[in-house]
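My structure is below; once you've seen it, I'll send some questions.
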């Protein structure tokens, strides 16, 4: 049964009905496979399914396991890119990381013709971004990003130490990527520094509700709708949403842009979060992944919700999500 | 000096000022090179520069060489995809052509893991789309697309026979692609049929004003704003805009999504057209191309106009292009 | 039971025993699959197995289905390369076709950094070679190669018309390759001319005995050991053997060089022929192919024979195949 | 002027004349560029040019800077592969490293379809080989290989510490490769162990005379012709020569097999060594490299010497290098 934050209007409305519908439509879909490349991830309850929707007006709607914690994984890449632009500036970032979709899987090791990772959403780009932040903030880096992530979520987040240790021990391919970046001149610091930060950022625990609120913070021009704390820089948000739209869903990005049409980012922990600009943050949690590495139920639920509300960026009949807008205010 | 359609309000307004500004900012940029892979293209006046902006309210604003004819080239791919979905349906099309950005140049011959061209905006995908339309309409195909293109533009368009002959004689790589499609089972008809249609579609003459009106027709849910004729199917328009956004500007698509954020498509004839959903069609003509195959002045002018009006799909402060909207109605 | 040409000494010798051994060791290996990309190939008797060995002294040893006809297919590429060098010269050929192994499958469409096919043993290279021969000999080309192939085999060979028609009708990928070669400037004539010759050369009927004699002709400095007719140019033979050694067995070439160490070429018709310089031609016929496109029993039989006689080019203990040499004279 | 080891017959013979000819033909060729990716390599005297020829009968012929020391670099890969087969066995090695030429440059990071490096002559394969040896011999590994290299050369070789330190500090790409191997399951030990051994093996100082003697040791079934010490295993030598023939000269391997036809290996230090089985070791030293990473004068000198003596493995008129053989005994 859906619930809302206690301090918000409790009446069942359109959003509740939509979440219920998406939830019941897809809860029996048991396609896909829980990620198990690190043992800790394999322990997730495969059948968990949670959905959450947060408005720029500060309301939260959830259903199912929306308060179960899981690791944020690659979803962190979107927030890190946003923070890197704020801290280091567009030009500094652009010299080291591209913004083109590549058609390659997330862990590909190909670089573009300027010898940069294709974009900040593939591992190579994300590790370079971690290097950029470490270059600017040094050993304060992790505290900084944890604070910003927490501001965005509206509560203090924490690190899953077990997952972090696992990532660190098994991340051979990521370690290789970091050395390739060094060889290519795209690694601003010692590879181990960037990798440590990268493994940590991926190991932050969140819930679907957190991700929805983080999305709403982005949708709200970087300000948490409830606390009014500014977690992200306004100008960096637009850039981040653009890259999420073209590169956020691994090599399924084009299909996502086609079917869902909402800037989003997924992680192998089973989460997906999306941003409807100036309106909503939307998030799902369901650990079983498809061949692209995206949550099976999550993708399906986003399709249902996007259809329901006309969220698609290029939907003809709901321009500026005017319908959604009317629900919020 | 900018001008407007004679039957429309002639007062100089915001749009005129913006066009003038973009025009004067970039008219002296003589970077890039006119395409010359076929002799006819090489004859374009390298210094031509025209901009046009058409509203869903039926107004047209232009500046510079906005009435000079050039061949539509790859811009036709966007309209053809839209028509193929209308005629053959999403599923028929999806079996033969993917929708993922590939990171490869427009003339790449790599296929995706389902042995399909990556998307309808690369040559391989566009030739497969031409094959789909020919499969459905046979020898009427070209008349049909010419009629629809003309409805969209609001005037009768014509074929540039010289360019068509040139394309046909020098299109060895495209001919190779057509045979690869046949080998891959993605070519619905004899390769020569699809190629003939493809070479013809690329050789249709348009002006920047035409392209702006064709964009406005798309923005207007497929209906020409002046004639009210329905050139495109409503549901196909959304799909087309999504693919234009992720794949429309060759291997510069990510940067375009980042900097401009408007679904668009460019052609080696020097044209670019963009669509601001439910608001505007925007177009530029300037024959000198950058290394990606995009018009140098065109890209620059779109950046200026997008900034000016907050056209970026993920702009935070102009949600649903509300400012533009206020100018139109 | 092995047999020898009637006009040669009929005594069972070392070669007979070795053939018998290789035959009985591998006749029960029914791994692999008959090629069926064209229906005619699929009709081959899957269980046929023939071996043949011809000496530069003019003797022939055979066992099993060594007189069954099958189409020469890619084995023709080796002879065509040899003839192209004779007719057009090294430089003319080198400008259009490389000589580097590529690690890619036989039907790959990648070209090298000089925009040439990687080598004459992949389809792209072979089609370019056919184009070179056609450029020089025009409509006499097929008669010319048929005569030379026949001289090498010591009997008049013939074309399998059904296979030729099949190849022609289904060769979409090869047709694509020919157009790519044209686009790359590596195609000396109209694509259809080269393709017609290529499809014909692949459709010549041979037996294992023929291939062994053709190999012996190469081993005998280009002269048929029995008829003394010169089928191949001496200097072209060395070049051909070198390319066969590095590129003759598709993407299994390295393993072949490692395990067998004899210049060889295989075809999807089920044949393999090898050349032990100045000593022997060796051939096998067995239609079931492995994943690389090489005859399963053929590869195994060559390994056995190479071991038996120390045929490996870099064998330490049989320098210059001295043991084999002693058997021949 | 050429010279011979003092304890050998001093008469000027065919070999001396051939070396003089090759030397004078190419000494003025100043094409190419000294490798400078590590500063130490850049210090080489660009104009040095030495040639050496050692027979399995124990004679040495040299001309020019044949006693100048330089680092062995990638030439070590051939010897390491030979030793790995001896120590770990064919199967253990084959599971981790392929034997197919790849068409890629030496430092490519692509793996084959079994997730192994393509062959032991590219960096990835060589690092895996170093890992295999370390797996078997642990911290004795370097002493062991130094002993065997020294036995082959017939004198105690030493490590160039400066080059070793440089390699270690700048080998980011090789470090990346080692981590990729670990991720792929092809790295038998901790990456740092394999890398340390790999950087050391590349930093061993040799002269052209050393390399010629090492080649003669291989040609002599693994036994140093003068000391009679067995440096290499007989059965491993054949395998090594086969892989040198198909993969030894980077992405120039096919052209080398075509023009020179002698199993060989080159290094960015400027050396090349070749083996004429059961006859000769041949070596050159000249630091300027071509685009493939091979010594410009070295390649040219080998072509001249191979022509002169009919050394090509598939030469028709000098079967088993019979002419060379007559000069030796």
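We call the chains A, B, C and D, going by the order they appear; numbering starts again at 1 in every chain.
In the analysis below, a residue touches a chain if its C-beta (ideal position, glycine included) is under 8 Å from a C-beta of that chain, and two chains touch if they have at least 3 such contacts.
Being a predicted model, the structure only gives us computed values, none of them experimental.
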item: Selected pair, greater C-beta contact count between A-B and B-C; value: A-B
item: Relative to chain A, chain with the most remote C-alpha centre; value: C
item: Centroid spacing, where centroids are CA-atom means, of chain B and chain D in whole angstrom; value: 56
item: Gap in Å, rounded to a whole number, between the CA centres of chain C and chain B; value: 51
item: Intercentroid distance (Cα basis), chain B paired with chain A, Å; value: 32
item: Junction residues of chain C, two or more chains touched; value: none
item: Parts of chain B lying in touch with chain A, wherever the complex brings them together; value: 98-104, 112, 118-119, 221, 234, 237-239, 241-243, 245-247, 251-255, 257-258, 261, 263, 277-278, 312-317, 319-322
item: Interfacial residue positions of chain B with respect to chain C in the complex; value: 109, 172-173, 175-180, 182-183
